[in-house]
Structure formats: C-alpha cells, structure tokens
C-alpha cells in the first residue's frame, strides 16, 4: 500500500497552532508523508509550500523569509507565496516549470488547516467549527505531542472510555469501577464519525479534577465524545454534585471541560497530536489551566506508551490479528467509515487527471 | 527464509533464570522472534504466554498480575495461566476465541525452559540434565548477556578452543601456544551435537585461574566441551599440577570448573546468552565465584566484539563466503546436524494441521 | 542498481592520508561499499586488503600487525601483504584458496591511492599529480570529514560557485553580490571533468581571508575550479588589490590559495571527504594555516548540513525530480561524463572473466 492509498487526502488537516508561526518562523513539518514548509510572511497570511526547492531539493525551511516570499539559501532561488519561482541568480528568465507545490491553507481559531488533496476541491466551509477555541468563556493551553504510531491507533484509543479505568486510574480516570459500572448510554454511528455518551454516577472525583477543586465529595460525571473523520475529537466533560448531574447539565451550572484533539498523520507510523483542554470556571485563576495541562500531559504519556508499544507489536509481526469486543462498536464503525472514504477517493482519482502536481 | 524456517521449534529452550521471575515480575522476552510474557503467579508455577493481548495487541507485560492470572491494563481483559480470557470489562460473556497462546514451560535447576513448537510434542524428559546447577559441591553465579548476532555464530565460537589462544590471551586463554602445541585428542560427532577434548600439558596457568589460585606453577589443563542441539554447551575444565593431570582427573582430586552456557535465539540476528561458571573448591570463599564471574564477563565481551563484527560483515555483504579449515570439524558437523533437524521438522509440519495457534 | 553498477571502479581513489597509517595502525575503511584494511608494516609500504578474514569473516583490522603481515586474532590465520594466507594454527598446510583480496595501492604526496577495479588495469601513471601537496612554497593542514550523502551531491555543490554567496555568506563567500554580479567567464567541458573560472572585481574580502590579512581594502578575486572524474577537485583562488588582479595573477605576486579536495564514496549514501587548503604567503607564521583550517571547517559544515538534508529528501521520496538551471552547466556535464564512464566500464566487464576475486 503506497502512501497515496493509506491516507484520506481531500480533507482539511490541522497542521500547526498559529503560535508556531510567529516571528517569521519557517516551520518544517511532514504531513501525510509530504514535506511541508509553513510560514507567515509580512502580510500575516499563512503559507504552506512543498519544503523542497525545485532545483536540487534543498530544504526551503533552511532558507530565508523575504516579505511573503522564501529564498532557498543553497543557490538563491526565490519563491512567492503561491510557490512560483520569481528569481534565479545568474539568469535573467525564470522558466514557467520552475516552482514548488503550494497547498490550500486556512487559519481559523488559532488552528492552521491545510488541504492535502486536489486543490480544486478545497472548501473552507468544510472545516469543523470549534467555538471553544475562540470563546472567552473557556480557558486552556494549546500544546503538541509527537507519536511514533499510526494515527488510527490513537483514534481507537479514544473510541472507548473504558480505557480510562485501566490506563489512567491515577490521572484522568480515577477508578476501575468506571469500566465495570458505567456503560455508554449511547453509541451513535454517524456519517462523519461517531458520538459516544457515558455517565458515571455518584463516584469519587478523578485525580485531575480533584487536584483543582480540592473536594472529595462524590460527583456525577458525564463524558460525551465526538470523533470526526479523519481524526478530530471533542470531549465534553461535566462534573456535578452527585444526584444533580442531569439537572445541572441542562441548566449549565456544572463545572465543565472541553478537550479538543487533532490527530494528523505525519507518516504511516507517526502522528502529530495537537490538543487543548479547556475549562469554564475560575477563569481568573491561571493555576487551574496549568494544573489541568500538567495532568493531561501525564495522562497522554500513559496512552502514548501503550499505543507506541502496539505499533511495535504490529510492525514486528504483520500476521498478528486483533479481535473485537463489544466495546469496539464505535472503533469498528470509524475504521469502516474511514476506509470507505479513502477507497471512494481513490476510485475517483484514478478516473481523472491528477491536479496536485506543480506550483499553483 | 521466514522465521519459521530459520529455527528449530520442537525443542526446549532456556528462556530465563528462575531469579528473573521473583516477586511477581512480568518479564517481557522475545524468543524465536515470538514476543513472550514470563511470570510466576501466587501458585509459584512458571507461566509463559504470548505477550500480546488478543484484543488490540497491547503488551501484557505492562499489565497487572492477579493471582496466577494477568490483566491487560489497556481495556482490562483478564487471562488465566493457560492463556484463556476470563473477563472482559463491559460485557458478560467471553467468546471462546478470545485468548492468547500459552507455551509449555518447565522449571528445573533454576532454569525456565520453554517449548516453542507443537505443544503436543513437548516432553519434559527431553530437557538436558545439568546436575552441577543443583549440586552443593559446585558454586557459581548465574548471569545473562545479550548478543546482537545469530546464535549459530556463538555456537561456532565454542566449537574450536583454539580461539582461546588469540581472543582470550590475557583472560581465559593464557598463551598462544595453546593453539599451536595442543590439538583436540578427540572430536566426536554425535547425533545431538559434538564432544571435543583437548589437553594442554605443563603450561602456565591462564589469567582467570592464576588470579584465584595465586600460584604460577605449571599445570596440566584438560578441556572437554559438549555441545547440544539447538545451542546448549557444557565445558568441563580441569587443572592439575604438571604431570599429574591424567591421574588427578581419574581420582577427582583436581581443581575443576563447569561452564554451563545456553544460547537462545531472540531473533535471526540476536541472542539471549545465559551462563553459569561453577567451581568445586574453596566453596566457603565467596570471592572465588566473584573473581571467576568477573573474568568470564571480560572474556565473553572479547567474544562478543568479534562475533557482533562478524554479524555486521555478513549483513553488509550477503555474497561473502566463509572457508573451512581443519579445526572446523566440530563446527561443520553441528551446522549440518542442526539444519537437517530443522529441515526434517519443516517437512513434517507441512504435512499436518499446525497446532500452534490459539490459546491452549 | 547494485553497488557494482553505481560506482566507477577502474580508477584511483584517495583512501587515506599517509599520517593515518603511522605507528602500525590497522585502519578499517569502507570504500565503494567494500570493507578495506589499510596499513603500513615494517617495510613502510602501504598495504590494502579485504578486511574480512577468509575463514569466518572476522575483521582483520582487529587483528595484529606482524612485520608486513597481519594476523587475524580470532583463530590466528596469518596473511602476507599480498593477501596470501601463510599460516593456519593447528594445521600444517595452507590450501591455495585461502587468502584475502589485495588492492593495488600507491602512496604519493601524502595520499594513499587505492585501485578498486581490475588490478591488471591499475596504472600509477593515471594518478592525478598534485604538486602543491609536496611543494614547500605551499603550506596547509590535511584533514578529513565524513558525509552522510552520495558523493555526487558534493561534486554538484562545487560545480557552481554561486552557492558561495548564499551558503557561505559569513565564512567563505562574503557577499550575495557574488552570485548576482559575477558570472563564470568560462565553463569548459573536458573529457575528464570540467574547468570553471570566475572573477569578482573590486569587492570586500570574504571573512576567511579578511581574518588572516586584517585589511578591509577591496580586492579582485579569481576562482578557478577544476573537477576530475570520479570526484577530485582543485580550486585555485587569487586575491589582489582591486584593479591589479589580472596583472598580479600573471606575475605571481598575489596572495593565493589552493584547495585540494577528494570525494571518495564509502557507500551509495556516504562519502569520505579529504581536503587540504594551502596558502603561499607568510609561511613562517603557523597561525595562518590554523585560521584558514578553522574557516574551512566552518564553511564545509555549512555545505554538509545542506547536502545531508538533500540526501534525506531524495531518500524519503524516490519520485522527487530535480530541475536544471543555467548555472548547472558544469554539473550536468560532469554527471553525464561520469555515467558514460560507468556504463562503458560495465559493458566491458560483462564481456570478460572478472579478475577481481581471490588473493593476488
């Protein structure tokens, strides 16, 4: 299977946080096994280009920003924001074939979104809206983690909250009872992903929440997870005093969290993981966000260890076969959905002239 | 050549020292390119399972011991000592297909032996007896070393003692004369390996022995090496005052050593090397075993450097061909014998339904 | 493409500086993916042998020098300077087939040249003469650098001086004007390589020269580059007070430099880079050579970063295609020339019995 068959291409991928491009930084980042250069020039607009100079393949990320253009610092070729070569030292004319591919890019709510497929199909309206990232009623700290694993293994991880009980007992989960006593009240198979809801009633607060609220009183906890193709996840978490969960959820009086997660394939075996964990209370107190951020990092590292081990197991023995359990309903739906989208895209691409080559 | 064609499977392999499994340790170890979990639960009986949870491939060695069972700490599946899955959080029934492969295992004389082939053929009576490991008349220190090399290259190394003269001049050998003045008095080609005997008369004591006995008087030295398929080696070494070697060997009055070595393939290119070097004199003095252990480690590291270089040479150029010399008689016999056993096993396996899959 | 098809074989390669072989050192070095042992024995003549003992492949470089011979320190086989095995411990006769390949070798002007192809064709008269390396009117410091890149990418680098402007602005180049205001006055396509001449008139001295002469007065600068197949480069650099360049070049009164560079393939993706940067003034002052050496190392590391990145880009995507510009004239000629020589050599080798196997 080539890289072209492995990934969904005609969709928007989160490629960077906006703060990664401040001060004219030339950011090198591989997405879907394609080497990208991301930057903001003097105009402030985000640009994404093939990171390889069309002359001899030198990295443009080692080049120099000039206005909205970038100059390769090997032999001095200069490219504008569309990827067009506009200067070659030592010759007067620039042949039209000289240029690097540019990628459609949209900056929205602190996210830099890039379109990796056919540029003619790139519709900014398809970008998923994430109001929490711009709403002052929510506070968080955007961060990034690198995974040496197929992004689908990370999606799997989030499709069953039961893993909270065993992987995150002492960080995000709180108790193994979560796996045994609670069940999803709903697993909705959707056209663009899935939605899972799970209640845990009258339980001790999990460590990450306990550390912030400093109160051991039992709570009702509701988790609603929403996964979108190709790998974007929102988790709505609510905590309310035991017995009042449903009531406060309706009235908006509970302490709530929003976890925004983006899994963008770097290669078939590695992933860019962007996330922001936001809360809606005590917004004046910066230590709340700092404490939650710290808990999340510890929890995510627990996942990372398991998932990178999984990747190693799969790499070591291609004959190894997984076996489904009942809790895999959401996971199985998502894998089928994603593969069907990829297959459909492949079928349509084989019938048309590819429009993804050359400068644009 | 696949891993299945490379290794002899229907035989016992030394997989761990018993002390590696104390205190409920979940030991991860790859044998014949299969990832194993080794442990002793509350009953004290050794267990060997496939290290990959049958659900999503998470490592059971990162799981939790519960009695004689192990629980995967990803989604909480629990497996008993036979590999049978006995609990899946969130569902009431466990389908019979859920389980991991278990391997026949025998603990004997501090060794954990595992059978990697057809479980129906596993006969504990085939395990080679090593009385020195349980006999209080012998004292030693069991240890382990990892090799980045095909285990057969290590077997080769031990099939010709002449290498003692050049590789181990200043540790285990003592003099280059050993290669020129001594010859094997016997190289016996056996059905299960070989036996080599070599006398070195009236020579200075080699450094490892000199360091313990603190006496420079010339000695008669007899080495008897016994190699067994697939890679188990015993070396009987006798030192006696020059001129009395044969006499004291017969009467049992000499200072003697027993080197028990086990070469267990981890992969086609890496090996688990277990060893214990035992002596039969001054048993009250712990510094004798400590000094001998230290000398052995230094000597084995001399071998390791050469053998790992050999592996690199072979990997770098598959066209490289070795050339035999007269001293390779034992080596050549062993390689032929081992390959004939592997070929015979392959032929019989291709005629029957494999019984190595699934939980047992 | 095999390694035999990738390299030109019937030619002399610079394999070591003579100072690398002092004091009986057994130098291990891979050239054209063949593992070599280089040494000088008691006679002082350089010897190059296959580094793999013909018995079991142990590295002879880990062996022991005995006169002009080398002994493998695994089982004690001894080889003379022609690669012939002359002793096998434990047996009286040495079969004629035992031996390792030896390579034609010539030491000249501090360079150890080795012939990697058909020994019958090795003509020392074909070795390129480098008078600067033996002429007391020139002083320099021979050195070595390892590249993780195809040697052809390094040859490319030197075929267009415009890169001085961008890569080496603050070390060897001095100004980006060099790329825009100067052009080669001549690019000569030769049967054995190319010659490029470039003048830069009335410019500030580049940093490496400024640091030595401590004078900011504008200079005329002439660079004459000469590249030879398979990868040997001489650069003649002249600096003269602005307006006097041509005149002093003719009279010999200018400050001049000679850069002698040798690119010897280690593998298809790595290169041995030998170099000596010599000057012809202030020869009594050792700090001149030290300062120039320091500047060159910094400049070469600037190239190395770019070129190793290029290699990574090419490895990551075999479909990536480079695009030529006008300044690539010398580069393109050299690549064509080299490939034609390799193709011609391959054609002639396929019609004859190879004479490169076995001891010589």
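Labels A, B and C are assigned to the chains in the order they are written; within every chain, residues are numbered from 1.
The criterion applied here is as follows: contacts are C-beta pairs under 8 Å (C-beta built on N, C-alpha and C of every residue); 3 or more make two chains touch, one makes a residue touch a chain.
Being a predicted model, the structure only gives us computed values, none of them experimental.
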{"item": "Same vs different contact residues, chain A with chain C, by half of numbers used", "value": "different"}
{"item": "Degree value of the rotation bringing chain B onto chain C, based on Cα positions, nearest 5", "value": "120"}
{"item": "Distance between the centres, which are taken as Cα means, of chain C and chain A, whole angstrom", "value": "47"}
{"item": "Touching two or more other chains - residues of chain B", "value": "none"}
{"item": "Parts of chain C lying in touch with chain A, wherever the complex brings them together", "value": "156, 160, 162-163, 165-167, 176, 179-180, 183, 305-306, 309-310, 313-314, 316-317, 320, 322-327"}
{"item": "List of chain B residues in touch with chain A within their complex", "value": "33, 35, 52, 54-59, 62, 71-77, 88-91, 97-98"}
